[in-house]
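Each chain gets a letter, A, B, C and D, in the order it is written, and its residues are counted from 1.
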Amino acid sequence: MSVLDSPPIVDGPVPTLLEDWVDEINGLRRIGREFYSKGWSVGTSSNYSVVVQRNPLRLLVTASGKDKGCLACGDFVLVDEHGEPTEAGQPKSSAETLLHIAAAQDANIGAVLHTHSVWATLLSDVFLGEGGMELTGYEMLKGLQGVSTHAHREWIPIFRNTQQIPTLAADVAVCQASDRPIAHAYLIHQHGLYTWGRDLAEARRHIEILEFLFECKARRMAFPH
Amino acid sequence: MSVLDSPPIVDGPVPTLLEDWVDEINGLRRIGREFYSKGWSVGTSSNYSVVVQRNPLRLLVTASGKDKGCLACGDFVLVDEHGEPTEAGQPKSSAETLLHIAAAQDANIGAVLHTHSVWATLLSDVFLGEGGMELTGYEMLKGLQGVSTHAHREWIPIFRNTQQIPTLAADVAVCQASDRPIAHAYLIHQHGLYTWGRDLAEARRHIEILEFLFECKARRMAFPH
Amino acid sequence: MSVLDSPPIVDGPVPTLLEDWVDEINGLRRIGREFYSKGWSVGTSSNYSVVVQRNPLRLLVTASGKDKGCLACGDFVLVDEHGEPTEAGQPKSSAETLLHIAAAQDANIGAVLHTHSVWATLLSDVFLGEGGMELTGYEMLKGLQGVSTHAHREWIPIFRNTQQIPTLAADVAVCQASDRPIAHAYLIHQHGLYTWGRDLAEARRHIEILEFLFECKARRMAFPH
Amino acid sequence: MSVLDSPPIVDGPVPTLLEDWVDEINGLRRIGREFYSKGWSVGTSSNYSVVVQRNPLRLLVTASGKDKGCLACGDFVLVDEHGEPTEAGQPKSSAETLLHIAAAQDANIGAVLHTHSVWATLLSDVFLGEGGMELTGYEMLKGLQGVSTHAHREWIPIFRNTQQIPTLAADVAVCQASDRPIAHAYLIHQHGLYTWGRDLAEARRHIEILEFLFECKARRMAFPH
């Protein structure tokens, strides 16, 4: 690794509290480096989490305000089922931790990823008035968990942005209980994408697939034919 | 290689059955890493194959559902002339293996590559109604095997997508026997590109050239002048 | 590091005059390598500086005409509060050094970054007639120092380009004293972006955020809906 | 270097005939790797040369049909003032070698670079009818040798493509003798860019600057305002 690597990677020590989850920590660091380089997590945006325990729920989540391209081993927080740190002395977790907790209520969810991309920002604005957008007809949809045909109709709800995260969490809960519930992901207006998976690999695959489809859909809509 | 390389590369052992084709395996792994990083094989999409024997035909093909950015040595299947694994105990090959087998019937074909890009997805939709699209006038066409002038007219057929791969294989066969047969490649609607070559290097070159031309054609069509 | 690394990195000796600021030098070299690879500092464009002393002001600034992708340790100049080299025998600093000095008058500013991107060039032309552009509604705005909500209205003034840097510096000063002063950044017409931060990390984050928002805004404006 | 590096780099031996120009060879290999990764030299397109002797003229030029992303030390040809190999047994040089020879007639030219990019292809078609295009108003123009202001008007002639390279060379010569001669570069229709410089670093900088400006101009023209 050269002194000129950018951003520089600091391995540093793993905090004692997190010692059991070195693999999860390195998995999230890797995701951060990758998503940063793809432009989906720049400017300290985004947050990522992994479920490390159920009953009671424990999440390992990225600390607030960190450069996702060079997460250090200490840039993580262990939070409880209310999104509160399990112990004092940890770095601050994002206010959006509540949205991770909400998604992780589902016992099939092992990881939650939130990214900010240009295409997601664009489409979240174009379709805000319709409350969401549909993705259909793409072979790539088959990469979403449980989808077996390109004819699948994937509905991605879009929520209005607010700095009141409990309000946002409530909006998500209402949608989830509606007749058009969230399937694999949702968007927040001019903010970004939330998706998840049974494990980190599946959540990462969902990000890749949705970002690909967002670019396909946006470019197709802008095409003059 | 850093712990933060993304996706991580696992070299692992080469399965005994595949020991004679380590170079081919590493060639396909390299292609996967490259095409993944270019955005042509994300989300576990795409599949690649190399002909390792003729009479009877044997193909080394990527296993189904693998991350193409980090193919391990064991993520390959040896299939026979019917697309069936030559031995039990191998990972599952893609349903689309039949399309590889179809292309490899031609004794001049040594490798078949299938990718999913944004531009291919876009153009496959724009030109679906015309059954294909023509590429002509580009110097870059000369990189296609046997083409010696930019004035060459390359016809790229586009097939409707279906989850019934035998149906798709039959459509391809009908086209091949028509008065406008497939030259170097075809598209499947909102699915991706199939191309091939005498060897892996030529097939890879064809992907590069066609992807370049797809972007040229799409941007030109969208240009307001 | 391979002989084929491009551009090649030459570490070389740190000039005696600059020996106290090796970390700052390496930080700026890293920024250069990164911004070059993102296309924001190609063709020897851009210049970067760090405040290394106050009272009197001393800036470490990139030398004129260097390839920002491979800055050597000697490609820097130490300048005084007038933008003049503190000692003879140093490489020439950019004429735009005056704009760095102007920004660094603010005691809260520790680093100034100037980049040339395609999106900044485009928007600086589209909004030239309005004297600037507003960015609002984006969650990403919260990455700008002191901004706590996506509802923030960020005004980015745009100045006409000129080869008379004192004229440009005067225009900036007039704007700064106006009822719509510069907040975090400004653009120069078909030239590029100036932004800054309390330290190099913050200035780099501002570049990332503003470049992301420029692309969002330009793509949204070009979208047909 | 990993087995998965793509494309793989083969250093190999430098041919005896070329032993005096190892630095030039490695410079061109580096350029190839870089331009390939930027998408300007894919599919074995492009060719590059360096003047290694004057009176009589000797050029080191890339061999025909090589992957520019992984040029080996032997993928070069030494040609004379007529574009013919100085010795038998060398790989074939491109038919376009004549265009390199034509540019290198100017005693101030030490390197010639020819690339194929998407933006160059697009603009060469949009402006073909006008015989060329003008670039003006961009600060980045100052990176072209001898240009000192953004107000500079750079005229880039565009020639019709043909497989008859002597015809093309004659067209270039006629233009050069006209009242609007070639300044730093020209385009060939749907083929690519030729530019040059006093040395390889300057020629590379010209490519970077022109590609940046092509993207700026094309995106601005397509912008709806």
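In the analysis below, contacts are C-beta pairs under 8 Å (C-beta built on N, C-alpha and C of every residue); 3 or more make two chains touch, one makes a residue touch a chain.
None of these values were measured; they are calculated from a predicted model.
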Legend entry - Greatest separation from chain A - chain, by CA centre: D
Legend entry - Whole-Å gap separating chain B and chain C, where each centre is the average of the chain's CA atoms: 44
Legend entry - Cα-centroid distance, chain A relative to chain B, in whole angstrom: 31
Inset, instruction - Give the residues of chain D that touch two or more other chains, as numbers and ranges in rising order. - result: 222
Inset, instruction - If you connect every pair of chains that touch, what shape comes out? Choose line, ring, star, complete or other. - result: ring
Inset, instruction - Give every residue of chain D touching chain B within the complex, in rising order. - result: 2-8, 39, 42-45, 67, 116, 118, 121-122, 125-126, 161, 163, 188-192, 218, 221-222
Legend entry - Touching residues (chain side chain C, partner chain A) in the complex: 1, 9, 11, 26, 29-31, 33-34, 137-140, 143, 148-150, 201, 205, 208-209, 212, 215-216, 219-220, 222-225
